[in-house]
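Below is one structure, written out as structure tokens; comments come after it.
Chain IDs A, B, C, D and E follow the sequence of writing; residue 1 opens each chain.
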């Protein structure tokens, strides 16, 4: 197991290297650059070249890459070209928010989707099943931003409610933080719920067809035990795969929701940085997100073997 | 002696879309105490469905028992019990083992978990007592080092071991009836011999009746006292094992015995054709399409299940000729 | 195929999906003939009017007919969906087939590249690709296509590996069938099922991704409508002129809904285990 | 049992919802109380819903509006503007001009930096030298190209010597980008993006990007009794619907909204709309090096084809006025453009001009615009429609912001919809954008007459003469149409009723020095 | 019945077991371990053994569907392990494989005609008419109605599918057919049909069978000679009658005794073996069977018995069998 984890971590190296090259090149290829976005309509040639020199943009491209990579490898992600803040610290503090949002929305999607999925599976092809599938599909079908806007509108008009402004972290003011996070997490959660529900339904059905379910029934187990002690645990692996992928996707995919709910998360950071061509920020943040994504996948894989003794990694 | 299990006129139907089709019909049999009773038949003959009906484990819908009675210990009609009452009997007084030991155990739980579960449902023993009972039964089914085995997961065991564990689970609560649905089909011959041996031993020790369901006449010859031959959802012949092998009556049984390859004669024999599907069941005798001795009557009217010799029932017009002439 | 159609007939949910997808396709194909107005024509004296006999779904802030825009949007959204999924699916199919069949260094190379793309957050990947290529509909489709490629590659690869284990592949080899024929005649037709299912589901994903990109100001260029862009533009008017939001939203929901129903049904229909 | 399980689940969901419902109870009560009595609230922190994230806080380096609105409260300059855009004393109590090229400023005494140190003439010298230093890459460097030397006469007196007469000098000194900074702070931090120490009414407490900027009261502010607030919190809310919801529920005190949402805000209880005429104007830039826009007739034809009133009505919901290169809010400098011939929509004449230029059947072109700003995208759409009338078929190309700026600088476009800020001196509006060597002349435009007028405007000190020069220059620019000037929009602040003593003006839209928050 | 068609010499197929961070090879599963035998033209040689004994791997290694790791396979006196890919492909015309599972061994997306004609198109440039004719011929031979040739495999029963499989293998008129458990997935009454078909076809086409099975009854019926495999090795090889009537190896004896009788009145003497087959990753030293052998001696634990001819045409690998 240890060797497996180590091997996966080693495999991370080429992938991360690839990502670093890819993001670096792509940032260079995007039209527009940081200097013109900083100077805007005030740009003069000398100001431009001065800034380029300051940012090291006058160097050959490979040197820029090596310089950046050298820093990253020693834990120095550099400073933002716009704010002058150290990037890594910023990434980590914003990652906290994005991670919380991700986990909270995942949690919301589970408490919606898994019970519904079980119900749909048990009542397969009945009107209950169709009803559940329709509800869960609705969540997937509405673009996030529309649902978010609608929620803000309805809550502010009908209940004169707006989540507290000015983000505080969970550790500073837990209640305030939760109030801020519930709505965005709900919007994201409903979008995830459909896929989780679908997977729960089909894998429960799949498990219920297995021989060992018959054995358990033959032992005299009640349906409750069959479903919750056995079927659900066995169905968890494909569900987990979906969840793992969704969590990974959410890490960088909450941009829109962060923006609408004014949350200073990682997505916002990257988006702003892309717009401002703040290269080291984009590069650092994407590399970070990708690393976390790969680690989450690894974690999910390790979790499989914890859930399923048949899966042993060597 | 009173039978432990008595099936009367059991009929099982399958509901497909709009129509209801019959899959098992006119099942009558009695299993005595300490008896090993065999049901033999090819795949699709309805033998497994019959066993599942006894357990109350038919996948319903689409399957349903549409007629008949199953008496357990003389007075309890299993078909009339509530699901709660039935659960109390399942795994306790009647237990069952299945064909595929590979897939019949929950892969995510240890052997201990799966053994204990049964005890939790049916006894009020303390954890310690339960564990002791588990160790005892594992030893009983011939597995060395029970403590170690109990910590393992099914996939860590060989097929033969798993089938032993299945038997251990089935025997845990000292059942009156053990239903064994093709218990050795997936096993190698040497392991099959071990398992059959074990089952006979357990029958003696626990005084359990066994309903042995198999497609293998060899297994029947080795273990059973009485046999029912099933074809296309019906029992076509029912008698003691010696009569069946030496004095078969039904053309299907005869064909089956003849087609046991290798052992008897050098000429390969096979029953022509194939088992009719549920949708295309013949109106009369269900074997008529493959029967070498078929008569006109066979196509039109289904024969009765009659006693043709002592303790020997057969469902064939050949033995009801007078009646056939009357119809 | 006949059998699938026969079974689909019994699947009521699937039929709803097929009909829905059919209607949307009709809308997309014959849209221009159906719509009473030009989708970009501004009727300035009729700005922000509610649904009426002339403007069935009302008008937007420029006085454009929402119905015509929704109909035109169907074409655009479907176009985006089909082309981008087409790009992602074909790339994924080829890569997955190669990677899964050979399972050697090529597999490793392809899969690592896919890992790289996969580890890139979807929206950000699309965003950067569009930013590099320049924002217009074609580039948006390319971007979404690239975003979808890793998923398809993985799906196809997994299916190929499963199929490769089947005896009929060994059988073909034993007969002496050449490798490329084994891939095309024996492997690829048998990985189509998960591939088709993935495609239907990806279609709705593509429509949503286009909507998300519209929110970020990328995607289709105004004044041409896509449902996502319309919905995004409507956000400011949700309160005073809800019809601007409701109709495109309704069409997105129904379309995605039907594609999902269809995908679900296909999944069930094509799954040999459920036969 | 299954039911219990479901019930538990429903319970969790309900509890979560209740939790948010309870809190909304709290905040709505607060909101109700807002308009009530006339008592000053205990917490005097103004919460502003900020539509854009500041791009840095160094006043010498960052020209973005989103940054200026914040650092203008932290820093002061030597001079400032009044409502008529005339320069007034600020850190400099008074100034003299012994000759055309010499300026002597007398500093206000006892003004302290936020770190407690008193501001002196040395700081002023340092600040201007920092701006003029190439290394700084200051955006204001070009403002002071004509400065020959800076001399500290006494701790409270400083003398600037220019190489030649330069009329805009004082307005540039009044610019926020010429803020007076403390030398030791720059040296300690390298630049002023993280540390901000000025002499302004508010001090920087904290800047968390994409979250908030917190300012607190400068107790030692040189103007007595100001500011009245204890602090200002800028909450970043990029999404308009979020800002609307937040101002409606009282979660923020002040915010900005686009014209589209103004009617909604007007309907809401407890808020007031405050508007002012901005110094911005919307325009279409032509690539005058490229066919067909190299022909002035084509540009004039487009000017005649466009209905500017419609732009004001549709894009700005009527809250915008026609504008030339110098918008109306520039007071004395602006001319009345409504009577200009090229501002009268005349399709016939436009077609004639096009035909003269050889484009009888019109032509195809591309209108580029920034996707970030809805008004630009809307303007582009409207123009596209209007130009169809004279046979010009335009395709719209939305550009992401970074790319837009790039396109703008490289002149890589046909027509480009944009919005300009006219700055504080007409030299910027004319010379900066349209003289041949103007820093922001990205259009490749060159006109001798304009060059000459720009030069005159720069060197003529007499204000009345300058007005005349710039009147002529404006007419010439409009006639040559290097840019198509459209409208100058009103800007809106949506303000809770509880905010007292706040009235935005074009020169200082966000002066919160007198603001008090009432119960 | 004298000419040797196939000669296998010291054939080995080891699968590497990989482990560790860099997936180094940590050992081998010796699925086929030093196996030698001959098959004469037109005879049927059967290999029997329990699951995991390596019989299928052996069959596939002979056909080079799995690449053997050592030894020789002489087909018509030429070592096919030396063949280039191209030569090998040509040679496949003469060596065919029939599979156990009639469900997975036929491409579900091809019709019967496509399936059966594929080998023809692969090996000959042949007109469609000619191909159709040959397909029709073989379909008739294997007893499939011609009108079913446009159907897909799933529309057939297991027995019929096995007929399709056989047709596909025989349409090339091969010399050697390796039949890997061709009837074990079928119902008893169908088994006999297929076996009968195989026997008939052998006579008609002069085929040589290498028949792989775990079912001693089936093997007894159709084989000329039988080899018994255990843990990757052949333990005993003899004429069918000799093997069944006078088995020499203790394992063969146990195996035969474990086969259920077909007469309830006959009570056989049972040899019940202890435990399971050991893992081929870690085979026991000495005789691979010694741990379960009721007669094992000390020598058996340490010394690998040689595979020697102890009687005419009767080979055994056991220390306890005297020559």
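Here is the rule we use: a contact is a pair of C-beta atoms (placed from the backbone, for glycine too) under 8 Å apart; a residue touches a chain by one contact, two chains touch by 3 or more.
Predicted, not measured: the structure shown is a model, and the values here were computed from it.
Student: By the touch criterion stated at the start, how many steps lie between chain A and chain B on the shortest route?
Tutor: Tracing touching chains, the least step count from chain A to chain B comes to 1.
Student: Give me the set of chains touching chain B intersected with the set touching chain D.
Tutor: Chains in contact with chain B as well as chain D: A.
Student: Looking only at C-beta pairs that count as contacts, which pair of chains has more of them, C-D or A-E?
Tutor: C-D
Student: When the centre of a chain is set as the mean of its C-alpha atoms, what distance in Å lies between chain B and chain E?
Tutor: Result: the chain centres lie 33 Å from each other.
Student: Report, in whole Å, the distance between the mean C-alpha point of chain A and the mean C-alpha point of chain D.
Tutor: 36
Student: When the centre of a chain is set as the mean of its C-alpha atoms, what distance in Å lies between chain B and chain C?
Tutor: 52
Student: Roughly how many whole angstrom separate the Cα centroids of chain D and chain E?
Tutor: For chain D versus chain E, the centre distance works out to 86 Å.
Student: Can you list the chain A residues in contact with two or more other chains?
Tutor: 30-31, 149, 153, 157, 274
Student: Out of chain D, which residues touch more than one other chain, so two or more?
Tutor: Within chain D, the residues that touch at least two other chains are 241, 372, 400, 402-403.
Student: Which chains touch which?
Tutor: A-B, A-C, A-D, A-E, B-E, C-D, C-E
Student: Quick one: in the complex, what on chain B touches chain A?
Tutor: On the chain B side, the touching residues are 52, 55, 57, 87-92, 95-96, 98, 100, 103-109, 117-118, 121-122, 153, 155-156, 166, 169.
Student: Which positions of chain E touch chain A when the two form their complex?
Tutor: Those in contact with chain A are residues 18-23.
Student: Inside the complex, what are the residues of chain D that reach chain A?
Tutor: Against chain A, the touching part of chain D is residues 1-2, 5-6, 9, 12-13, 16, 19-21, 23-24, 27-28, 31, 47, 49, 53, 55-56, 61-64, 134-139, 141-142, 190-191, 193-194, 207-212, 233, 235-239, 241-242, 244-246, 248-249, 251-252, 372, 400-409, 420, 439-440.
Student: Could you pull out which chain E residues touch chain B in their complex?
Tutor: Checking each residue of chain E against chain B gives 50-51, 157, 159, 187-193, 195-196, 199, 214, 216-221, 254-255, 257-265, 270, 272-273, 276-277.
Student: Contact residues on chain C for chain A in the complex?
Tutor: 13, 112-113, 115-116, 118-124, 127-129, 131-132, 134, 204, 208, 211-212, 215-216, 228, 231-232, 235, 238-239, 245, 249, 252-257, 260-261, 264, 267, 273
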